[in-house]
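Listed next: structures, encoded as structure tokens.
Two complexes are shown next, each including subunit A; its partner changes from subunit B in the first to subunit C in the second.
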Partner chain A sequence: MISEDTKKNIIDAIKYADSYASGSKRRHLQVTFDRMLAELSKSIFNEEITNRMEFRIKVNSTQNNSKIILSLRKMLKKQDHLFSKDYHGKTGETVSFIKNELAKFFEVIDS
Partner chain B sequence: MSQEIKFTLLIGSFARGTHGADSDVDILRIGHFDKVKLGFSVSNSNPISYIDFDIHDFTDIFEDGSLFLYHAFNEGVLIDGDPESWYLLKEKFEVSSSFKKYIDEYAELLNFIKDYKGYESSPLPYLSNIFMCAKNIGIFKLAEKKEYNFEKYMALTAGCGLSDEDARLLLKANTIYERTGKVKPDLMSALERAAIEWKNNFEFKMDLLRNDK
Partner chain C sequence: MNSDNKDIALKAWDVYQGLAQGMGESAWKIRSTCFAITSGIVAYTYNSSDSLLYLLASVLCVFFFLLESGYRRLQHQYICKSIDIERTINDFIANDPSPTFPVSIGTDVETPDFQSLVMLFDLKRILFWMPYLALFGLTILLFHFDVLVNK
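Take a look at the complex of A and B:
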């Protein structure tokens, strides 16, 4: 479902969440996150991702209510914390997203 | 710098008057997080996007001679805040002349994408993220020549030396991936070819982006 390269990058971000909340590392995490969504889109829907929001709509609409989908829905609901332009002075929200929603999604995938 | 500073500005394409049907309405808030009354109507396809700086962060970028702040001073439209104070700040502001640190950061991110196994098989996020890096490298490279141009197409062509076709495909990929999500099959085929072309010629294109060949 998720490639080893993507897993490795996301696990590093979860481990060092504070440093991934801003600057260069934040941009690296954004690139990795987009790759992860593309991999999930292929795995779940067997199609290329075209847009982050459209992907979220598809995940929310699917009849599949597996643990992974439920956890993915929760994670995607908060994905804006990673991509919003107004993160200056609010990096705590990004750290919280990485440590909570993203980390919990990974726990479900690995379980 | 006064702790009482509080400004609101319209920036970006709406401030420049170059906005399109899907452009963000970019609002810069300095020293506050209050809701902003625009004074003009926008459609649902023009999301409002806030960029916020508290006084501490604002002071930092002011002293750094931030290119972003240069853009806000020169193209921004003051919506709220004391015009005279804003003008005095603008007069005091000196834009930096070196952006090497930022160019290096985005070039390093491009390398990260280049080496990411299989990323090109997802053309839209792949090209959209390449666009984001190239656009910023282009803007900073132009600024080092004292050409302050924030238009995406100009950043890609005049700033990075990319061809018209490369620039247009990167722009389209970014618009689809970040905004519309709508892509016709023939365009998708073109984007798939562009992604493979980037993958196969990444070193050459990186060289083009970093230098002025």
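Take a look at the complex of A and C:
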């Protein structure tokens, strides 16, 4: 479902969430997150995605209510905390997203 | 989310955007007034016989800075409210079965506090505070070195 390389990067971000909340590491995580969604889209819908919103619409519209889909819905709902512009310098929301929604999604995937 | 809720969210977003825009415009007016008055005082003082008036310009810089910072902090609160509504709108676009709603919709804001003032000095906001700092520093230097045309 998710490649080992992507998984490794995300797990590292969950482990050191604070350092991934700003700067280049945050941008790196954003790219990895997008890659993860692309891999998930290919795996779940067998389709490429053009953007996160399109993927979110598909996930919300699917009749499949498996644990992974439910967890994915919750994570995608809060994804803007990772992608919001950091002009205001608020890193708390990003850290919270990594430690909660992203970490919980990975727990479901691993279970 | 029903159609009425969506309309309320969009209307609230529109109101917040308008308020944030108004705050921004007021802040720019305060800034331009500050620069015009301070420049006038500096020019007058340079041609006068007493450099003490340079200090008046410094004090005015601080006053206008505090005034503008108040507007900027209020604007920031409306921008935050706007972002909350944008999340609701995004949930609606994404066909989310249980869209996120802000705790409440309202135009009331917190009184700007000292902590939010300190946050304005962030390096990212250099274009906000640097002109005031430069003007303040310049008038202090002019006073310190007693720069007058007839000296």
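Just so we're on the same page, the second predicted complex is superposed on the first by the 108 of 111 C-alpha atoms of A that agree within 3 Å, B and C clash if a C-alpha of one lies under 4 Å from a C-alpha of the other, contacts with A are read in each partner's own complex, and residues count from 1 in each chain.
Definition applied: a residue touches a chain if its C-beta (ideal position, glycine included) is under 8 Å from a C-beta of that chain, and two chains touch if they have at least 3 such contacts.
Because the structure is predicted, anything quoted here is derived from the model rather than measured.
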Examine A:61 and indicate which partner it touches, taking first as subunit B and second as subunit C; both and neither are also allowed. second
Just checking: does A:35 make contact with subunit B only, subunit C only, both, or neither of them? Give me first, second, both or neither. first
Subunit C versus subunit B, contacts on subunit A by residue: B
Let me test your reading of the model: by the given contact rule, A:7 touches which partner, first (subunit B), second (subunit C), both or neither? neither
Please work out whether A:24 is in contact with subunit B alone, subunit C alone, both, or neither, and reply first, second, both or neither. first
On the A-aligned overlay, A:53 touches which partner chain: subunit B = first, subunit C = second, or both, or neither? both
For A:74 in the superposed arrangement: first (subunit B), second (subunit C), both or neither? neither
Once the shared chain is lined up, is A:99 touching subunit B (first), subunit C (second), both, or neither of them? neither
Note: overlapping subunit A surface for subunit B and subunit C spans 53, 84, 88-89
Given the complex, residues on subunit C that touch subunit A span 76, 83, 87, 90-91, 93-97, 100, 119, 122, 124
Touching subunit C in the complex: which residues of subunit A? 53, 56-57, 60-61, 73, 76-77, 80, 84, 87-89
Complex interface listing, subunit A residues touching subunit B: 3, 5, 23-24, 27-28, 30-31, 34-35, 37-39, 41-42, 48-54, 84-86, 88-90
Quick one: in the complex, what on subunit B touches subunit A? 26, 29, 49-54, 56-57, 105, 108-109, 112-113, 116-119, 121-125, 128-129, 132, 176-183, 188
